[in-house]
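Take a look at the structures listed below.
In the two complexes that follow, chain A is the common piece, with chain B as its partner first and chain C second.
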Partner chain A sequence: MKTFFLYRVELRRLALSKFTWIVTVLSLCGPLTGYSFLQQSNASVMSGQYIANPVLAGTVIGAILWAVLTLIESNRVYRNKTDILTDAIVSPIRMAFVRMTALASLSAAACFLCVLAYLPYTIVKMDYIFNPALYMMSFLILMLPTWWISILLAAAIYQIVQRVELAGLLYVVCVYFSFSRFANSDFFSRWINPIIITYSDGFSSLYYLRIALYTRVLWLALAGGIWTLSLICIRRYQKNLLVSFWRSLRKVYLPVTAAALMVTGIMMWRGQPFVDHGPAEFQYWDYYNTINDSKISAVTYRLTAKPESGQLHSIAEYTSTSGGSGIKSIWLNPGYKILRIMCDNQPVSFTATSEFQGDSQRTDFNLTQSGWKTLTIEYEGYPTMLRCFAPYTWGNEVTSDYVSLNNFSSMPSLTGLNFPGTFTLELTLPGYMTPLLNHQFIEDYTLNTDGTKTWTKKESSYIIWLTACDYNVESFNAAGMNVNFVYSKKYETIMTEYNMQEALAEVLSYCTEHLGRLSWAGGSSLMMVQRSAISDGGNAGEGWVEWGESTFTAGNLSDPLKGANAAEVFVHEMVHIWWGGLGVNCGSEWDVSNNDPWSDEGLTVYTTYRLMKDKYGEEYAKQYYIDVWQAAVDIQERGFYYRNPEYLDRLPEQYRADLSTMNRGTNLYSRMPLMILKAEQLVGGEEKMDEILRSVQSRFANNGFDKPFTYQDFLDACGLQEEDLILD
Partner chain B sequence: MIKILKYEIRRLLFNKFFLGLLVINGIFAWYTLSSDTVAGIAYTAPFSPWSFGAYLSSVMPLIMITVLFLLTYFHSKKEKQVEVLTSATPIDAVRYMLIRNTAVTLGFLFLCLFVVGLCLYFYVVYFNYRNFAVFIIPALVTILPCYVFMMGAGHCIGRIHSGLLYFLMIISFAVSVVKVPDAFDLFGGSYYSNFPLTLPAGADGEPAFVLSAAFLTARGLYLVIGIVLFVISVRPVRKK
Partner chain C sequence: MKIEVNEVSMVYPSGKHALQSISLQMECPNLIGILGPNGAGKTTLMKLLIAGLIPTSGKILLDGKALLSQEKRLKSQLGYLPQSFGLYDELTVWQFIDYMAALKGIQEKAAIDNVLERVSMADQRKVRLRSLSGGQRQRVGIAQALLGNPRLLILDEPTVGLDPEERVKFRNIFSEMAQDKIVLLSTHIVEDVQSICNRVLVLHHGRILFDGIPADLISRTNGHVGIFLSDNGDNVPKNCQVVSKVNTARGIQCRIVAEELPDYVDKAEPTLEDAYLFHIRKGDGAS
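== the complex of A and B ==
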């Protein structure tokens, strides 16, 4: 009762304090900076521009302001030298608890005011894209807990050092740490600036909110633990830190609570379910060359998405005519827990190893008898992202608005088994979702009693891409091709407003005219798929193209003269239909150990440049393409490690990998286009080059990976020597 | 005088706060070396004068915060109360102030030697580079104006109110983050990062270490302002 009474008194005192009001008003202004210069999230999607950025800016600024208030209030009795009196009336530990709860209550009220203050503006700006749940969750998951963490840490530091200036300095060090490169590489360290690389307008933002919620709870536990520990350090009876600590230690509940909270935080950090616990560097797959001693006649994957928990439950069933015995291995996303492995209805023991390759972890199991008929593997869990991708938070997701599962996040790979070449997928999803398997529609489904649908498809190869969303499909014919344009229903207005169908048809017509008709045009259909901003960028393969959400946002589409930006990514990826995938395959792009600039990208970038030159003129093409390539090559050649590769060995492995990626990017996207441009000048101009490229298309398209179009083939087609294309 | 100096050194530098800040400075310096300097600044070698200058400009804000922290000893309320007594002693107030500032300068030099030593050790171990003479100019140009300016500003602002020194610490941190014209960057970080890009590469592929007139003028300006502020702030308080 006494504590509650003190809480009311303290709350009232703080609520009437002028300084509290200043902090509240400034905290309310904090989100304003997120609209312009303090942008921490992708502003090209509207939820990023109008929700994520203001909330994140308000989170950081408010956290610092409330920490300052906490430090001042914690120091107040000592500054006024009234601590001797107040300590005699109320225990300083109780008073610290009361002050903390009062500050937490006031910051909660300020956060609520923030929610109300920015609501009308956000609704007006976002219009039909506005998602009230996302708006509320952003404040409640990102802002409020971070303010509490900040208050707890500031109070804890002060209670330990009991000097306001030193506490302030240490607090600044903590803030700096959260923004440092170290915290960037491990986003769980970001206590004051939670990571939200992007939100999504058309798909789901739950992926990031889940990560943010987890890190906030983690840091609340850690900060709460440190703060509870700091209560023991509060100076008592005018004694120093050690004596006060010893005296307060007798209140056993304090160290026990502190330890419990800190252990909870540390356990949450160590056992986090979002990033795999494998090595920091990417491990390449090399397990394909294994002995296949078991002939499999049928494979069925039964996948059930559980959007409410973000998990996937799955059963993989293998039927064999002559199953072999011995140790076998499963490669599966490390986020999944294998529940059981059954061989002819008998349980099989299995052991997870510490070996990781790509986005999968190896689990070994022993088949003791040969001649088995059925092998089932049941697993469930939350697909994790690769550790090396953690700074970009690229991963798979299962949410109520979007399902995106690639490779080992959907199905296991077994070594030592000889596959039949086809499999059956049975995928259970919420009723409103439409799935795409390897960028193709699934036609057959059954409606379940709980409102979900089970989709069935027989497919060759593997599950490489599996996505599901409430899609809108536009089918049209362009340049003699049947095109299916698939995008989130929430983008329907934007796609209609900017007449995207016409823009896509325009690119297809240009490429058909200049590079030739694709051999499969008119027969197969071309799938053009929009994917979530969370896995932005673009991709293209056999009969499909996909783009991230940022490509089609109103901001990008409304400014065609912004330069080679996201709006032009869709052109680049569409050109890949001709260069790469089903078109002319140039080979070496995916061989990352190879620093050879020759790949599909060079020709794709060059063709994109030509299209843009045709559309916007020579000056535009020079400014946004040729000059950009030249600048990138100049910078590369100036690089110390590029000039002195012998020093590379002295660099930490991560830096070597970063430099190699950067050099490779320059070689593929800048150096080679410049070399092709030089070739264009040497062969006699654009028309001559188009003629050469058309002949290349007719000779090399559809050759696949076995017979790629090599650099020597390109030189031969142009009648040039290698030295002719060396850049000056 | 020596006795007073020894006393001031012991008071300012031989305490847990200075030791703690020294450790923080060391950790931050090593972190900067292994994360930023190792990559080389503006595509130059990690052991180029440009990279060395950029390294110094990265660690300088924290060193200056440490120095400002030492200045809080001079301008605290307690110190001002004691001033009544010290000003009654026969020692000349200006000389006394200079002795105390010598102690701070020694602390600053110790910190600088520490972070420069770490850098040189880094160059020897990772790159087997030992031609340290080329670092003298960037060291002088970076360190001296910063120190003199911050000492002058620190004393000046500390005389107004000791709490303002903490504000100056925040400003010092902010100056290293906020974009200003390259030549006028107090710590020189953006200058060392951008100016080499405008220079042609030499025979060895490295741009020569030449400083622009604008940058040198700005450094001189900081130096002069620092001296003026310092002179103003160390003038003796009139005896009441």
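== the complex of A and C ==
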């Protein structure tokens, strides 16, 4: 009771301090930096730009500010000799505890003010994409715990060294550690800058938030332990550190609590469930013939997603006509815990080995008798990231809004067995989710009493990509194909508003007519699937195309270099389907002599222009495309550093990088299309250029896009020389 | 409440012997004045009594139990005014006393008003501490010490910076408070002790030179205080300590203390100041 009373008065005292107000106001300003230069997360999605980045920036800046306030307040009582008065009334250990809780409360209030301050702007900017839960969770998981960790560490350091300048220096070292190369390689050590690679607007952002929550709890335990330990170091009776430590050690609950918290933190660090504990280097798969001697007649995988815990519960069932005996092995993502292995309803002992290959770990089990009929493996958990690729997910995610699993992550690999050619997948998902298995719909399902649905499909290909979400599916015919346009329901508003289906049909028809049939359109159907930003990036295969959700962000759809309006930018992104496989993007100044890869971006912009010219006429296309390109190139060429690149070296690295990014954008979106336009005039007009581009498409598609398309390739295709395309 | 100091010595890490095997007892009620020159060990003794220091040797007992084991109880019954202290300057007088009251677990706001009245700071209750004069800050310090009517009041130089009127007022407050508690005050101002203390402790070089009632200290100085007239005040006899020099029409009247007074010196009635100086001088080994 007295401690609570003390807490109240200390809280009030701190609230009256001008330092507290300065820190609060500056903390409120911290997130502003995240909109522009302090971007730590993927800003190409709205949630990244307007939630993750501001919150992460505010987290770091606020954490440092609150640490400074902690140091000031901790030092102040000694410098002002106020401790002489207070220590005569209350134990300095209790005062330190009270001061800490008061600072933590004030920082919580400041965090709450941040939530309120940025809420209107975020809602306005994100519009229908705004997710209030994600917004709140970002502050509560990323910002507030990090501020507390920072306060705890700063107070702990001060209490140990009891010199403010030394404590400040040591705190800076701790901050540096969190940004160091080591912390980058082991992101669990990032105590002040939690990692959020990206958020997702339309799917789920829980994946990285779960990791962030785990690391915050981990660091709260560690920092709490260090701080509790530092309480023992508080100087008492005018004694030095060691004597004070020895005397306070008699308060047994302090060292016990400190040890318990630190052990908890260390165990959480060592046993973290998100990244596998295998070798740092990628281990290629070469496991074969594990139960090769067993004739498998049927395989059934029963996968049940548990989005509330982010886990997957699975049973793999193998039926054999003459199962072999001996030591067998299965390979499974180490994030799954094998619950039991049963052979003909008898339990089989198993042992996880330390051998890793790919994203899987080997588990051995012993089948003592041959001729078994049924082998079942039951496991549960969630797939870990590959250590060598962490913190990137490799397409694995089980959250309430999105399930994405690759083959090795979702089912045990018994490679080399005499596979029956097909297997049965029974997939139980929340009722609102629609699954796509290998980019195809699953037709059959049963509705369960708990509201979930169990989807069943016989599959012949073992390569499994499974995604499930509350998809919106639009089916239509275009360019002689049945097209299924599948995207997250969160994007329904913008898809309807800009009539994206019609735009897509136009693209498919126009490009098929002018550039030839889409090389990866399988048969007469095409599945076009939007993918979560968590596993972003375009991808394509026989009969399907995937593209990342950043395509649909307001920022992207309002990019004037890609199109005159959102619908035209969407068209631009869809045109990428034709050109996406040509090569990687070129640098800011592509070097023709080195035969650098040429960007598909210029061809995409040019094709979009052609489509719009076809649709709206020459004047429109000139105004919104050619003139825009020309203006951008003019601005580029007027630039001092563009004309005098020899001075670039004198600029700071950041400015050089910014200039390079600007140049690259102009080259990709304006210079290249202007050059293609010039080439079009030189080769004899649009029809001739279409013919050339069709040949390029055909050649690269036939060769499987095995080598990037270069500028020289383009010149050769057009029969032109480099100097022919120099812009006037 | 009973405090026993048994053979307590205090040696600082620098090697300075602040207290050397001192023993004393304090029981309620008691108003004890500690006199001693700078560095005599007064503040060290007070810090030991508030459990702010641990003695190098010896024991301090609170009601028969080791003081450190009774730290929590001690702090709940203690009012302490250190020699030098800091305040939270951003707070007003009332807020600061309220803060200190809260630390002591006092929730009644009337108690805050009461102590502010007692130290004549009620009018300045809304004034920020940073705006106060040295004397006013001292009064705030006294106010926080008086909060909660503590059973043990330890005051280190409480009247420093106060004007004569305030000094008298505070002396009376301390005297009133000592009716049912232990009040221990250290001071350089002998008059303060003389006027209110029922017991005086003279400390010098970490030793207790005297522990008893002021009248006893004075009586021990009988025959050792004298007055003589001097033309210029320079002809002070050897082995004498000059207490005062007063210009008169007949010359400079010098008041001295000495183990043995010269014949030409007229004996005078000793005061507590004479007695204090005499004992300090005696403690220094002068004859």
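Annotations
Going forward, the second predicted complex is superposed on the first by the 509 of 728 C-alpha atoms of A that agree within 3 Å, B and C clash if a C-alpha of one lies under 4 Å from a C-alpha of the other, contacts with A are read in each partner's own complex, and residues count from 1 in each chain.
Keep in mind that, in the parts below, a residue touches a chain if its C-beta (ideal position, glycine included) is under 8 Å from a C-beta of that chain, and two chains touch if they have at least 3 such contacts.
No experiment lies behind these values; they were computed from the predicted model shown.
When the two structures are aligned on the shared chain, A:172 is found in touch with chain B, with no touch to chain C. In the overlay built on the shared chain, the residue A:84 is in contact with chain C alone; chain B does not reach it.
Once the two complexes are overlaid on the shared chain, A:726 sits clear of chain B and of chain C alike.
Of the two partner chains, neither chain B nor chain C is touched by A:242. Of the two partner chains, neither chain B nor chain C is touched by A:252. Look at A:5: by the touch rule set out above, it reaches chain C but stays clear of chain B. Of the two partner chains placed around the shared chain by superposition, neither chain B nor chain C is touched by A:116.
When the shared chain is aligned, chain C comes close enough to touch A:18, but chain B does not. Comparing the two complexes, no residue of chain A contacts chain B in one case and chain C in the other.
By the touch rule above, chain A contacts chain C in their complex via residues 2, 5-6, 8-9, 12-13, 16-18, 77, 79-82, 84-91, 237-240. Chain contact summary for the complex, chain A toward chain B: residues 165-166, 168-169, 172-173, 176, 180-182, 635, 638-641, 643-644, 647, 650-652, 655, 659.
Contacts from chain B toward chain A in the complex involve residues 17, 24, 31, 34-35, 38-40, 43-46, 48, 65, 69, 72, 126-127, 166, 169-170, 173, 201, 205-206.
Contact residues on chain C toward chain A in their complex (touch as defined above): 13, 47, 50-54, 71-72, 75, 78, 80, 82, 84-91, 95, 98-100, 102-105, 107, 141, 144.
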